[in-house]
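Given below, in the form of structure tokens, are the structures.
Two complexes are shown next, each including chain A; its partner changes from chain B in the first to chain C in the second.
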Partner chain A sequence: MARYALRRLASIAVILLLVSGIVFTAIHVLPGSAATLILGEYATPGALRTLERDMGLDRPLLVQYATWVGEVISGDWGTSLAMKQPVAAIVAHRLRNSATLAAAAFFVVVIVGIPLGTLAALHRGRPLDVAIVSATYIGISIPEFVTGLVLLLVLAGPSVGWFPTSGYEDISAGVGLWARHLVLPAATLTIILLAHVVRQTRSGVADVLAAPYIRTARLKGATERRVVLRHALRNGLLPTITVLALDLGYLMGGIVVVEEVFAYPGMGRLIIYAVQNRDVPLLQMCALVVASAYVLANFAADLVYAWLDPRIRYS
Partner chain B sequence: MTTTLSRRTFLAATSAAGGLLVTGLRSTHALAQSDKHGGLLRVSVTFGLSTINPIMHISGAEWMATKWMYNNLTRLGSKREPIPDLAESWTASDGARAWTFKLRRGVKFHGGRELTAEDVVATFTTLLDAKTASPYRGEVGPIERVEAVDTHTVRFTMKSPFSVFPATVAVANARIVAREALADMKALASREHGTGPFKLKEFVPGDRLIVERFGDYWKKGEPYLDGVMLRVFPDPATELAAFKSKEIDLISGLTPELYSQVPTASGAEALAVPGGTFAAVTLPSDKPPFNDNRVREALKLCVDRRLMLAAIHNGRGEPGVDHPVSTAYAAYSPVPSRAPDLERARQLMKEAGLANGVTVKLFAANSPPIRERVAVVLKEMVRPGGFNIDVEVVAYDRYLAQVWNKGVMYVVYYATRPTADAILMKLYHPKEGLDEGRWASAHPNAIKVLDQAREIVDIERRRRHYADFLKVSRDEGPFMLPFFVNELNGKWGYVRDYRLGAASSDMILDDVWLSSEAPKKKG
Partner chain C sequence: MKFESLAFLVGGVALVLVLALTVLAPWVAPYVPTDQHVLDRLKPPSGRFLLGTDQYGRDLLSRTLVGGRAALVLGVGAVLLGLSLGVPIGLTAGYFGGRLDDVVMRLVDAMLAFPALLLALLIITALGASTGHALLAIGVANVPGIARIVRSVTLSLREAEFVLAAGARGEGHLYVMFGEIFPNVLPSVVVEATIRIGFAILAGASLSFLGLGVQPPQADWGVMIREARQYAFESSWPMVAPGVALGVTIIAFNLFGDGLRDRLGAA
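Moving on, here comes the complex of A and B:
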């Protein structure tokens, strides 16, 4: 298990290097540079050259990339070309905001989605099952920006006004204030993700409930509670874990729309900003952070898999 | 002091009279007057906020923010005439070739040090240094030398006469920075060293900026507000929702669609003021088909400017006459417009040998959205005249790198400048500006008119002088400029004494205050 974990970690490092190479190449295929965007419609050829030299953008691409890799390995993430601030500090701040939002949504998805899915499996074909499945499907069928705006206009509008429309507050400003800012964006994400988890749990648990060993468990007199929780759920959840791991990746990068709608300063908005401003060091780190979250979540899912199902042992 | 009776003084006078009649009201009125201090004003924008370095920033939101933290030598009045800011007075000599500014005494930087002429010299020296690569190097006039005459006197020597220099230095990039801070351009992007009414408290690039009252501001008793928060909303719908829920007190830079929704909230006010911002189409005049003025004229004759303004900006603006000087500028002079005339347009095309029409490509950047709208409406309007326009919408970054100022047909977009000189030079002049229509070399006399205007100090004479150029621009110029948009803001009634100017980004908050109806702030 330990050797397996180490091997996986090594391959993660390779994946991240590849990601950084691809992102670096992709951004240089686009026309213009950070200097073009800084000077905008005031640019003169002289000013462009000066700025590109100052930012080291006039060097050969390979040299730029190698320098960047070298600096990152030595722990220097560089300075944002557009904001002129250390990349590490900017990303840390935005990552914390996004992670908080993602964690809140993820937590709700897990504690609501798994019981709902199980409930649907136990009542398969009956009205409760139909109600749960169709409700979650409506949720996933509506795009985030619509769900977000509807929640915003209804619950944050002047007539109701339960929650703030947008923005974020630091937890130091008060736990209540901090939490109130999280509710609507987290709810939007939850509504989208719930369908994945409910569907997957429902079919996983339903399959298991039909298996002979469940019948055996029932025949030997186990209580229904024990049958569901100990026998069915533990085995039926395996595919759900994979879905959750993939959803975590979606949450890290795909909350772009939700962050835009709620003017929430997180990774999604930062990535858009970095691309629009050709801010290579900033974009590189954003890409690495999102990629790391993705691969690490999948890695964690594999470990949980192995723990839940003793038959699986990676070698 | 002005003695004309404005709407505002009339209202103040009538309300005061009403107060005298109803004695109960009088005491409330007096209380409100004496208690202007306090409160946080929350302002929203939808565009970028990356840096607060005044020497480098190019977005309206950034200009707005640095206006609160810094001062210029001058600022602009309601007619865009220069009025004192850090400079108390100024004089021209040597035929507007030299300008001497007397600085106000006792002005403190936020760091505690007193402002001297050396700070002004250092700011302009840095701004003009090629190594700084400031986007505005060419926008502060033909400065040759700047020197301190004594601790509170600065003299600028120009390469050539420059009559509008006092208004020009009100431009957003000429904020006066403490000289010791100028060595580190990187730090200036996120820290401020100004003399303005507010000092920086928090800055999260791309998201928000918070400033707080500077107790030692040189205007005694001002500012009234305890602080200002500027928030960026990527989505205008959310911005409006936040405004309606009173999480935002003042929306700057409204779209015309949102503008019409502001008054639907009771107690909210929609403000509109004529500005100088426009989107225009370049007609590259150095190659076919637009090197023939008949073709340029034919295209201009196809455009119904009022209809276009109504379709694109809900009619909030003023029709243009194919030149960039709107009524907002001090040097504005009226030039008769031409009615759309399709018959004449077709006739001109025939004379130009294009009876069968011509196909041209028009580029429009996707930001701001008005560029694309102008391109699409133009395409339809000029089709009957024989123009087959192929519109290509490109991302703003690609536009900058591959389209802008490359001598092709595209939609330019410029915000209000301090002076008519600034925008005219930028658009037409081959050396002081960009000659974006590739027109200058064939029209040296027109360009000479622009140069000569810089020598004329008297505003009336300058107006008459510009009128000649504006007529040439209308009849032969390389731009189809359909209209100027109004500056649109929305605010709650409890935000008092806010005056929207011809440029929203010139947001002066020194004497703005919040009345007692302002909501208690949640955060």
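Moving on, here comes the complex of A and C:
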């Protein structure tokens, strides 16, 4: 297991390096330099050259890239052009808010999605299954900003007003207030994730239920409850772990839209802010942090998977 | 009828309907989508305006019909772009294998480490917000996923007898890749593309909703919902039509794609 983890860790390091390369390339190889962004379009050529020299933009791209990677690793994340604050501080604060939202959504998805998917697998082809599968098609196909706005109109409108329409309160302001701000954005994220998890659980469990060892378990007289919980779920849920990790990547895209709908101060809104203001130092770190989080989450999922299924470790 | 066949049928019919309405939109739409009927702002559905009007008094039915064009062009265009790059990359990596495959797939994995929307946002920041750039951004974000699928199918065909026979006949690499392997990869590509168009439409609508895709006053579902949002508590009608249209279109592509997968036996 330790050897497997080390081997995977080495490939993660390579992927993270490539990810940073993609972020750097996407931003630096394209037209319009950072100096133009800072000084505006009416800057004199002389002022532009001076600033470019000060910022090191006149050096070869590879040197710039190496310098940037060195600074990122040493914790110097630069200063946001639009907010005039250190990027590291802003990102740390926003990342915490987004992580809270993501955790809330994930918690609900696991608690609701796995039982629902199992239920569908047990009732395969019958009305309950058809209803659940149809619901997942709807869940997967309606954009987050539509579900979000519908929830907003129905549950936060002036006539009902159960939940606040926007914003976020820290947990120190009171657990009730904190939770009420989380409900609608988390619910919006949950709907699409739920569809993924239910589908994967359904097909995973259904495959396992058809396996000979399940028949053996039934024939030896195990109760249905024991067959499902102890024999089927153990193997049937393995692929669901992969889907959960992949969903984390979806979550990071979805969070951009959902945070915008509910004016939730997290990474997603920060990214939109950076895009709208063309705040390059802020945007490149946001992108790097989000992509790294995704890569690390997949690494964690691989480890859990390998721990649960010894066949993977030795392949 | 089995549930799967029914789903395929429903998806196919919905898809034909959406495509027909979108192509015929300018002739079917009762009004010009950008015409403002200033005295009829934010009206609920009525005999004159079947789906109501928006904040400038523009007819929502006309805007939704015509708005489908922008959404479909964006979705289909982005996937075509993704295919034009992803298919050759996947074919080459899978066919030649070895070191080349290792290097290409590492890069593909790194690109897949980006949530697609994030990659699109990076590209749009650099280029600026417009329909064309949104198409480019979503197209590029689709490349690694398509390359991965094509590569894995190609890999499974590499040692097939008809491929070895073509090699033994002395055919060139290009001919073997595109003349022998590609036709057998095609079913998987068609299924993958169909499902991806649905998600590309969703991504395009998301970008337009964020103000980073199609720009007003052009009618587009994402733009319409973005505009409707500001008046949502006064009238929620402007949100209904584009929201339903988006949902139906994406469901249609998904159902049809899944049905095709079962039928074609694709990966």
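What to note about this one:
By definition in this document, the second predicted complex is superposed on the first by the 276 of 315 C-alpha atoms of A that agree within 3 Å, B and C clash if a C-alpha of one lies under 4 Å from a C-alpha of the other, contacts with A are read in each partner's own complex, and residues count from 1 in each chain.
Throughout what follows, contacts are C-beta pairs under 8 Å (C-beta built on N, C-alpha and C of every residue); 3 or more make two chains touch, one makes a residue touch a chain.
Being a predicted model, the structure only gives us computed values, none of them experimental.
Once the two complexes are laid over each other on the shared chain, residue contacts for A:142 go to chain C alone; chain B is not touched. When both complexes are overlaid on chain A, the residue A:19 reaches chain C alone and has no touch with chain B. Of the two partner chains placed by superposition, chain B and chain C are both touched by A:260. Judged by the touch definition given at the top, the superposed model places A:153 against both chain B and chain C. Judged by the touch definition given at the top, the superposed model places A:283 against chain C, while chain B stays out of reach.
In the superposed model, A:294 makes contact with chain C only, not with chain B. Residues 30-32, 145, 149, 152-153, 157-158, 260-261, 276, 278 of chain A contact both chain B in one complex and chain C in the other. On the chain A side of its complex with chain C, the touching residues are 14-15, 18-19, 21-23, 26-27, 30-32, 125, 130, 133, 137-138, 140-146, 149-150, 152-153, 157-158, 249-250, 252-254, 256-257, 260-261, 271-272, 274-276, 278, 280, 283, 287, 290-291, 294-295, 298.
Residues 50-51, 53, 56, 58, 130-131, 133-139, 185-186, 189-190, 204-208, 231-235, 237-239, 241-242, 244-247, 265, 396-398, 400-402, 404-405, 412, 414, 522-523 of chain B are the ones that touch chain A when the two sit in their complex. Contacts from chain C toward chain A in the complex involve residues 3, 7, 106-107, 109-111, 113-119, 121-127, 198, 202, 205-206, 209-212, 225, 229, 232-233, 236, 239, 243, 246-247, 250-251, 254-255.
Against chain B, in their complex, chain A makes its touches with residues 30-33, 36-44, 46-48, 50-51, 54, 79-80, 82-85, 90, 93, 145, 149, 152-153, 156-158, 161, 164-167, 169, 173, 177, 259-263, 265, 269-270, 273, 276-278.
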